[in-house]
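Two complexes follow with chain A in common, the first pairing it with chain B and the second with chain C.
Presenting the complex of A and B:
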């Protein structure tokens, strides 16, 4: 057993009482099994196919400050950190490290019956419901990182949209990492949109202090029949944030779910996104975009599981890698024997701006049905020299021409967003990022 | 305006231009004709600084400056323009964004303020009408999905916006039907002035019916082997290039 795994087992054994007494019964209920699975699996080494391109163990070594005894937050997060999208009204909830901040901004805009709140508090309130859904799609037997999160997590966010309810105003979750020293943060999200419900969720991730952060996260999303969910996640942290996130989506018949993971600024990020298409006529849209430079590392691992007939999935991931940045994409499309008439498309395009930048692309298809359409394409290349010269020949200087091309390249992913002010905001963030002007919080001093 | 002296240039290590000498004065229109592979397009690309073409010898003076020392973007801002034979498609960059970036860089170069959005749109509308370019094309990506004729018209539109001092048309007539040819030629003619010069690279006399050259040069094997007035183009049209080859390119 490697040291990092052992350290985390020890941490759990030592803190177990404290962890349990500061969380809810349902969440506690899964810990023992999760820890057993974690012991069995151990933190993945690069020998494990899935994590071949990210040295997970390395980032789990060292000492981290925890907040298992739930010291209360004694300041107003919305005053510490504003994350406004211009021209867009959102219901704002805050997660400071792994603590849900009790005040929700513009909560009155939510339709009746919609719940946004602390995961552990809601777990105490809706015991039967949680027993049915919590941890049910985030499997702890297969991935040590999911197991570890399940064993250690105490709180997070719960979003519930009852059936036939359309939430017009986007729900924005602002996740803030803050601390005086190296900090471990375990977060958990549980999202349910019942039959015919519709919701847009925007999750913004920031780090406001210049220390190391290790963040594990698990998000479970349940889409009922004909539900529509757009889940946009933006990471704008810093070079010392190490993030290991797993998102699980379960889709009933005719539901439409988009997960769009946009990494604008980070240290090391490993995003697992899993779709399980369980009802006929469901559509999954799995998108992602990353802009990396210096020694940033980004690994997107996706699985789209077509379990039943007549489902469609569309996947688009784009990377721009500068300096010594490393990108990886593993995209598995699984078409099970019953899943006839599956229509699935996967595209991964990457640009390496330097000779030192690295991109690893692994499209993987496993098809066990015979009447399906599955397309996939992966390319890694450089900026188009012909296009650059064409623009220069019209007077646009080379730097600006490069910027226009890079901007155009990632815009294809941003344009999948169906909220116009958010799209516009992202265009601006991306432009600032490419111009090296993206620094809106204290931690971002690290990114200069 | 432009003085080319003993210009030699390579593409992929092969010498294509083998000593070009050419002088163009203010207000003049020069036609450069010649068979395939004689170096016509190479000359155009070398003048605008295409990095795939390597100048090995000779000099080019443009408005008193050493042209070969300037970046392609500076050449453009100094008023040089090439209408490309094969315009490049740039997916994701809209025509409007592209032209606005180009025009504003030209203005910055000249020490002018960038044009406001409304003034820019006014200018674009005026120039677009000049070459009868469909307004829908301006919201699309640069040249993406444009027909051959639309691409050529788009080149002339860009020229109209940037108002170059020296415009080089590289086979702008190829792939155009008669109507499109007339529109393109009209656009070019409207832009000509005593202060501006043009180089028309073409295979055929056809375009020269619409754009009257002052001089016609025959490029053969990387050299200008014969120069004359507009009548030379007519002679080439009826006799082909063989008789010039037989004259030995003297």
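Presenting the complex of A and C:
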């Protein structure tokens, strides 16, 4: 057993009482099993196929400050931190490290019956419901990182949209990492949209202190029959943030779910996205985009599991890698026996701008049904010289022409967003990012 | 059309036509594997000391390894002590004459060892079990300075070449099966094309497993000096047996400046019966190096046999401006499993590689493509194009694609695409309308689908391969 794994087992053994007494019963209920699985699996090494491109153990080494005794938050986050999308009204909830901030901005805009709140509080209130759904799709037997999160997590966000409810206003979750020294943060999200419900969720990740952060996260999304969920996640942290996130989506018949992960600024990110298409006629849309430079590291791992017939899925991931950035993409499309009439498409396109930038692409298909159409395409290359020349011939200087091309390249992912002001906002953020300017959405201290 | 019909029928009606055994006296050593067996094999071949040391080194390394499990295969437990590692069907006759039974065997397989009857333009090295039976046209080739002989002969006659090149591309530390082969390899072919020579005929090796409870561990080494050219073919069959037989081979190819090597395989080991009983386990390590500037290496394979295929013919593109190609058709039916593909390692500048892989799965089989394209930091302007298509016939089979792309250089252009789809019902219907039954229609469509690869094979092999596709898919409908 490696030392990092051992340290975390020790941490759990030592802090167990504190962790449990500051969380809820349902969440506590899964800890023992999760820890057993974590012990069995150990933190993944690069020998494990799934984490071949990210040295997980390395990032889990070292001393981290924890907040297991839940210190109260003594300031108003919305006053010190602004994360507004221009021209867009959102219901804003804050997550400070792993604590849910109790005041929700513009809560009155939510339709009746919609719940947005602290995971542990809601777990105490809806015990039966939580027993049925919490931790049910985030499997701790297969992934040590999910197991570790399940064992250590105390709080997070819970979003519930009842039957036939359409939430017009996007729900914005603002995650802020802050601390005086290296900090460990364990977050958890549970999202449920019942039959015919519709919701847009925007999650913004920021880091405001110039210290190391290690963040584990698990998001569970349940889409009921004919439900529509759009889940947009933007990461704008800094080079000392190490993020290991797993998202699990369970889709009932005719539901449509989009998960769009956009990484603008980060240190090390490992985003694990799993779709389980469990009802006929479901559609999954899994997109991602990253703009990385310096020594950023981004690893997107996706699995789309077609378990029943007549489902469709669409995947698009784009990477722009500058300086010494490392990008990795693993995309598995699994079509189970009898999942006939599946239509699945996956695309991964990457641009390496420098000699030191590295890209690893692993698009994979595992197919056990014959009447299907599945395809994947992956390319790694550079900007089109002809296009650059064309623009230069028309008086656009080379730098500007390059920028335009890169901008157009990643825009394909941004354009999948169906909230116009957000799209516009991202266009601007991306442009600033390419120009090397400060992203002022964040106010993050470390953005260049 | 009638002609075509006839031949499709002719071949779809029979099962595995190479399933007979030859009744010939074969000297088989005791089952089991230990250092003494390695020494015994080496002694039987009258090998020099350094080769024995090499074998022993490989054997000791093999002991530290375990069977790889990363492939998408269900490999039953293999009892490495239950196999005999050396079987010599030529042992009885000491005077150099070949047992007529053996000649008959190869004749039945369509490989005449008599030079008068031979196909024009083919030189053959025929290997049965652990021993090379005969190599034809040796003299004709020698006039040009070409060395084409069995591996054991090469060890005796050209030890300096063997010592220099053996293990230089696939070392015994490469993997489990490479270590096993390096310890117990028995025979195989050696080809040396001198500088500036264009080999006038196709060279080929025919491998045959005959003896029961034996494994075949052959080694092929091809060296093409500057500005030379050779086209090399490999074919293989085995009798029908209920037990699984093990085949673990190594192929090494060295291509020097501006030389070109074309390596084609039609693999037709016994695939097991329709219940999945028996069949050959085929674990092969094939790798070539484009060592020189402007060199070219091309792999073409048609994989129709074997119960399990684990095979990744690879290219190391070391020389600047070198080119590598990989064309593959892998067909699996009944309970066959195949995990095959390639590795293209780009080291030199301006190197390019092409991968075309066509997988066809039917019955309850599993067919995977697994490939790696790696562009190292110094490989400026590297280019790769990969295309892997899978065709599914029936709803009980699986088709999988596992490509890996590691790009460490921003001047590289890498493209990969893959599709998986069902055999087109409109096309079958069209054929049905014109009087072809469904099985014939499938055979026709599959041949069309695989044409891109089959066209790369030398003519005689292409015909053979087409027939093979039809036989393999026999019984896959209805």
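Operating definition for what follows: the second predicted complex is superposed on the first by the 439 of 448 C-alpha atoms of A that agree within 3 Å, B and C clash if a C-alpha of one lies under 4 Å from a C-alpha of the other, contacts with A are read in each partner's own complex, and residues count from 1 in each chain.
Just so we're on the same page, contacts are C-beta pairs under 8 Å (C-beta built on N, C-alpha and C of every residue); 3 or more make two chains touch, one makes a residue touch a chain.
Just so it is clear, the structure is predicted and the values come from calculations on it, not from any experiment.
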Message: On the A-aligned overlay, A:376 touches which partner chain: chain B = first, chain C = second, or both, or neither?
response: second
- request: For A:408, decide between first (touching chain B), second (touching chain C), both and neither.
  value: first
Task: Using the superposition described at the top, determine whether chain B or chain C touches more residues of chain A.
output: C
- prompt: Which partner does A:387 contact after superposing on A: first (chain B), second (chain C), both, neither?
  reply: first
Message: Is A:396 touching anything from chain B or chain C once the two structures are fitted on A? First, second, both or neither.
response: first
- prompt: In the complex of these two chains, what residues of chain C are touching chain A?
  reply: 70, 72, 377, 390, 392-423
- prompt: Along chain A, where are the residues that touch chain B in the complex?
  reply: 384-387, 389-398, 400, 404-405, 407-409, 411-412
Query: Can you list the residues on chain B that touch chain A in the complex?
result: 48-51, 71-73, 75-77, 82, 84, 87-93, 97-99, 101-103, 105-106, 109, 141-142, 158, 162
- line: Listed in rising order, chain A residues that touch chain C in their complex are 49, 337-338, 340, 350, 352-382
